[in-house]
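We call the chains A, B, C, D, E, F, G and H, going by the order they appear; numbering starts again at 1 in every chain.
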Amino acid sequence: MGSDSDLPTLHPAVEVLEGLQVAVEVRVLSAHRTPLEMVNFAREAHNRGLQVIVAGAGGAAHLPGMVASLTTLPVIGVPVRSTMLSGVDSLHSIVQMPGGIPVATVAIGGGLNAGLLAAQILALQDHALMERLGAYRRQLHDAVIAKDQRLVE
Amino acid sequence: MGSDSDLPTLHPAVEVLEGLQVAVEVRVLSAHRTPLEMVNFAREAHNRGLQVIVAGAGGAAHLPGMVASLTTLPVIGVPVRSTMLSGVDSLHSIVQMPGGIPVATVAIGGGLNAGLLAAQILALQDHALMERLGAYRRQLHDAVIAKDQRLVE
Amino acid sequence: MGSDSDLPTLHPAVEVLEGLQVAVEVRVLSAHRTPLEMVNFAREAHNRGLQVIVAGAGGAAHLPGMVASLTTLPVIGVPVRSTMLSGVDSLHSIVQMPGGIPVATVAIGGGLNAGLLAAQILALQDHALMERLGAYRRQLHDAVIAKDQRLVE
Amino acid sequence: MGSDSDLPTLHPAVEVLEGLQVAVEVRVLSAHRTPLEMVNFAREAHNRGLQVIVAGAGGAAHLPGMVASLTTLPVIGVPVRSTMLSGVDSLHSIVQMPGGIPVATVAIGGGLNAGLLAAQILALQDHALMERLGAYRRQLHDAVIAKDQRLVE
Amino acid sequence: MGSDSDLPTLHPAVEVLEGLQVAVEVRVLSAHRTPLEMVNFAREAHNRGLQVIVAGAGGAAHLPGMVASLTTLPVIGVPVRSTMLSGVDSLHSIVQMPGGIPVATVAIGGGLNAGLLAAQILALQDHALMERLGAYRRQLHDAVIAKDQRLVE
Amino acid sequence: MGSDSDLPTLHPAVEVLEGLQVAVEVRVLSAHRTPLEMVNFAREAHNRGLQVIVAGAGGAAHLPGMVASLTTLPVIGVPVRSTMLSGVDSLHSIVQMPGGIPVATVAIGGGLNAGLLAAQILALQDHALMERLGAYRRQLHDAVIAKDQRLVE
Amino acid sequence: MGSDSDLPTLHPAVEVLEGLQVAVEVRVLSAHRTPLEMVNFAREAHNRGLQVIVAGAGGAAHLPGMVASLTTLPVIGVPVRSTMLSGVDSLHSIVQMPGGIPVATVAIGGGLNAGLLAAQILALQDHALMERLGAYRRQLHDAVIAKDQRLVE
Amino acid sequence: MGSDSDLPTLHPAVEVLEGLQVAVEVRVLSAHRTPLEMVNFAREAHNRGLQVIVAGAGGAAHLPGMVASLTTLPVIGVPVRSTMLSGVDSLHSIVQMPGGIPVATVAIGGGLNAGLLAAQILALQDHALMERLGAYRRQLHDAVIAKDQRLVE
C-alpha cells in the first residue's frame, strides 16, 4: 500500500487471505515518496517468489499501475476512498491503464474483494484453496438464506 | 460477451491471447437475454477446464458480475463503451461489486488488457507463457524507445 | 432486496403498500450470493401469483435487472445509496438496461415511490385501490396547502 | 412526448406496442410550451380509459413528472439524450422524483423498453398479451443463441 | 418553494429582500403535490402585481421551470441541495430548460443570491433600491478589506 | 462575449431581442485577454444606460461573474459548450457564484433563453414588450399544438 | 486567498514556505467582492518584487485565473473544497483556463503542494532552497521507509 | 510525453516556447512502457541542466506525477483528452497528487498553456523572456480589441 492511511482499506484483504491460509507479505511503499524502492520491489517480485500483488492507493493513485509496469505478475488495484472526490479519482487513475499494462481493479474501498481475487488466481494451482474458496462462498450464501428465512417467518 | 456488438471491444483480447499461444473459447452469452445459459456456462466452467473468464458488457453490464457469482474462477470484466454515458455506467456496474464476489475490472474498452491480464494469471503456472509476456513487454518498450530516438535525431 | 442492509431503503415500500391494503411478500435474495435462489424466485414468480416485483440493490446492483430478465412481470428497481458513490453507481446499474428487458427505476433511495408505483400498477385492476391512491394523493396535497396557509397567516 | 424531436426516441415504443397488438395514442404535449393542455391531458387520462402513459423528454425534462403529479395511472419516463449532457440531465430530472409521485424510469434513449414495460403492466390483465411478451423474449433469446452457435462453429 | 424543507435554503432570500425594503410574499407550493394551485399561482402572478418569482426546489425540481412556463415574469430558480446527489440533479433540472422558457438559475443552495438577483432586477425601476444594493456591495467589499488589513498587520 | 468563437451560442440572444424590438449592443470582451477593458465596461455599464448584461463564456468562464462583481445591473450568464467537458466546466464556473454576487445562469448553450430572460426583465417596465413576449409564447404554444394535431390526424 | 474561510486550505502553503525559509506575504483579496483591489494587486505584483502568486478559491473560483490574466508571474491555483460539489466546481473553474493565460493548478485542498510548487519554482534561482527541498523529500521518503520497516518487523 | 499520440496536444507547447526563444528538448518516455528510462530521465534532469519539465499523458496518466516524484524541478502536467472519458480521468490522475509531490496542472488538452507556464517560470531569471511574454499577452489583447471593434462598426 502507498501509505499507512490505506491500511483500513487493505486490512480486509490481509485478513481474508490469512483466513484462506494464503501467505501474505504486507509492505508500505509509495510510488511518489519512495519511487526507487517501489521500482526495486516490483522488479524483484517475481524472482522473490511472489505470485500476485495487491496494491491500494488513493487520489492520483499511481502505485498499482507503476508496479504493473515493472512486472508481469498479476497486479490487483484497490482504489482507496479519497476525502475530496469519494475515490472516483482513485478509480480512474487505477482502472484506465493504457493498452499493454493491465491492472485488475476492484471496487472503491474493495480490499476484501482484492484479497479474494488474489486467492481465486492462486487457487488455479491449488485445489485445496479452491475448495476453501467454495466454502467461503457457501458461507456468504447461507448467511443470506438465514436472513431470508428469518424475514419469511 | 453479452452481444456481438461487443465483439470489436473484445476482439483484441482474443487476438493477443492467440498471439501468446493461449487457447481461447469465444461465446456470446447474455445475462439478460439468455440468463439460464449464462448460469449453466458459469457453473460448469471450472469442471470443463476453463481457468480464466473474460466477460465484456455495456450499459447495465451485469454479465461479468453474474458469471463471477456462479464460479470461483477469476473473472475479468471489460466495460464496453456505451452510446449514452461513454461507458461510465458499464464501469460502475462491473467494478462496484459487493464484498465476496470480485470482478477483475480493466479500462473502458480495455479488451487488449483483459487478454493480457488473463495471460498473466495463466503464466503463474506456465513458465514459457511468462517468458512470452516478457517478450511482449519488451516490444512495447522498444517501440517507445524507437519513437523517442526518431524524435531526438 | 439483495441484503438486509437495504431494509431501511425498502421498508417505506412495504409500509405504504400495507397502508394501501396490498398484500406484500418480503424476501432477502442476493443476485451475487444466492444466484440460484434468485433465478428460481424470478422464474416462479408469475406462477406463484405475484404481480409486481420491487427489487432494491446498491453498488453493482444486479438484482433488479437479473430478476427482470427471468420474468415478464413488471419489475421496479430501487437504487440503494452506496457508501462510495452516493448511489450513482446503483442508479446506472439499474436504469441502463439493454433493449428488451425493462426495469422501472425510481429515485436513489426511493423505496416509498417504488411501493406507490407498484400500487398504481395493481390499481389498474382494482378500483378500490385506485381510490385509496387518490386519497393518498389528496393527503399529500392537503399537507402542502396547510403549510402554505400557516406561512401566509 | 414533449417535442417532435423526441420522436426517434419514442418511435420504438409505439412500434413494439403495435407489434404486441396494444392500442396506442401518440401525442405531442409540452410541459413548458403547452402546460395547460398537458394538465388537461393528464387529469382526463384515467376517465378517457388510458391505462399507462409513456412520456419522453430531454434536458430539464419535466413532462413525465408533471403528468405523474396529475394522475394515479402508472407513468413511464424516457430520458431523451440531450445534445449537451448526453441525457444525464434528462435522467436526473425524470428519475429523482420526490416521495409520493413515482415515475417508472427507463434507460436514456430507452424508448423500446418503455413500450415493453407498458405492455408488461397491461399484461397483468391480459393473458394473451403476457404470452406474446413471452414469445418476444424467446425471440431475443434465440437470436443470442444463434449468434453464439455461429461463433462456436 | 416546493416544500417547507426548502425553507433553510430560501430564508436568506427573504431576509436580504426585507433588509433591502423589498416587499416579499412567501408561499409553499409544490409542482408535484399541488400542481393545480401552482398553475393558478403562476398564471395569476402578473395580474396580482408580482414582478419577480423566486422558486426553490430539490431533486427532480420541476417547480421553477413549470412556473416559468406559465408566466412571462422573470423566474429565478434555486437548486436545493439534495441528500443523494448533492444538488447536481436539482441544478440540471432547473438550469437545462428548453429554448423559449428561461429560468434564471443561481448556485446550489444559493438563496441569498436569488434574493439579490430579484432586487437587482427590481432596482432597474427603483433608483433608491439600486443605491441600497450599492451600499450592500460596499459592505461586502469593506468586510474583505478589513480581514485583509487584520492579516497584514 | 469572451471570444468571437462564442458568437454562434450568443447570436440567438441578439436575434430574439431584435425580433422583440429591444436595443442590443454586442461586444467582444475577454475576462482574461482584455481584463482592464472588461473592468471598465462593467463599471460604466449602468451610467451608459445599459440595463441588462448577457455574458457568454466557456471553460473557466470567468466573464459573467467578473462583470457581475463590478455592477449591480442584472447579469445573465450563458455557459458555452466546451470541447473537452461539454460545458459542465462552463456551467460550474458561471452558476456557482459566492454569496453576494449573483449571475442569472441559463442552460449550456442557452443563448436564446438568455435573450428572452433579458427581455422578460426589461418588460417589467415596458408593457408593450411584455405583450410581445406573450405573443412569442403563443407562437411556441401553437407550434406544438399544430404538431400534435398533425400526429392525431 | 478569496475569503478567510479559505485559510485552513492555504495555511499549509504558508507553513511549508516558512519552514523552507521563503518569504511569504498573505493577503485576503476577493475577485468578486474587491475586484478593483485584486486588479491592482495583480498588476503591481511584479514591480513590487513578488515572484510567484498562490491563489486559493472555491465554487466559481475566479481569483487564480483573474490574477493570472493581469500578470506574467507564475500563478498557482488551489481549488478549495466547496460544500456542495466537493470542489469539482472549484477545480474546473481554476484548471480549465483558455489558451494564453495558464494557472498552475494543484489538487483540491492542495495547499501544501501549492507551497512546495512555489518553492520548487523559486529554487531554480536559489541553490540552497533546492537543497532544502531535497531534504524535505528525504524526510517524506524516510517516514515511509520507517513505517514499512515497522510493518515488516 | 508518454506516447507519440500525445504529440498533437503537446506540439503547441514546443511551438510557443520556440517562438519565445526558449530551448526545448522533446522526448517520448512512457511511465508504463519504459519505466526505467523514465526514472533515469527524471533523476538526471536537474544535473543535465533542465529547469522545467512539461509532461503530457492520457487515461491513467502517471507520467507527470512519477517524474515529479523523482526530481525537485517544477513539473507541469498536461491531461491529454482520452477517447472514453474526455480527459476527466487524465485530469484526476494528474492533479490529485498526494501532499509532498506537486504537479502544476493545466487544462485538459492545454499544451499551449503548459508551454507558456514553463516560460513564465523561466522568465523569473530572464528579464528579456519576461518582456517577450508581455508582448505575447499584448498580442492576445490586441486581437480581442480588433474583433470587438469590427463588431462595433
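Here, a residue touches a chain if its C-beta (ideal position, glycine included) is under 8 Å from a C-beta of that chain, and two chains touch if they have at least 3 such contacts.
The shown structure was predicted, so the numbers you read here are calculated from the model rather than taken from an experiment.
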Intersection of contact partners for subunit A and subunit G: H
Cα-superposition angle relating the copies subunit G and subunit B, to nearest 5°: 180
For subunit B paired with subunit H, centre-to-centre distance based on mean C-alpha positions, whole Å: 34
Subunit D-subunit G separation of Cα centroids, rounded to whole Å: 51
Mean-CA-position distance for subunit C and subunit B (Å): 34
Touching two or more other chains - residue numbers and ranges from subunit H: 3, 30, 33, 59-60, 84-86, 88, 95-97, 100-101, 107-108, 137, 140
Chains touching one another, given as label pairs in label order: A-B, A-C, A-G, A-H, B-C, B-D, B-H, C-D, C-E, D-E, D-F, E-F, E-G, F-G, F-H, G-H
Complex contact set, residues of subunit F against subunit E: 12, 46, 51-52, 72-74, 76, 91, 95-97, 99-108, 110, 112-114, 116-117, 120-125, 130, 133-134, 136-137, 140
Of all residues in subunit D, those that touch subunit F in their complex: 3-4, 26-30, 33-34, 37, 59-60, 83-86
Residue ranges of subunit A touching subunit H (in the complex, touch as defined): 2-3, 30-33, 35-36, 39, 58-62, 65-66, 68-70, 82, 84-85, 88-89, 92-98, 100-101
In the complex, subunit C residues that touch subunit E: 81, 86-88, 107-109, 137, 140-141, 143-145, 147-148, 151-152
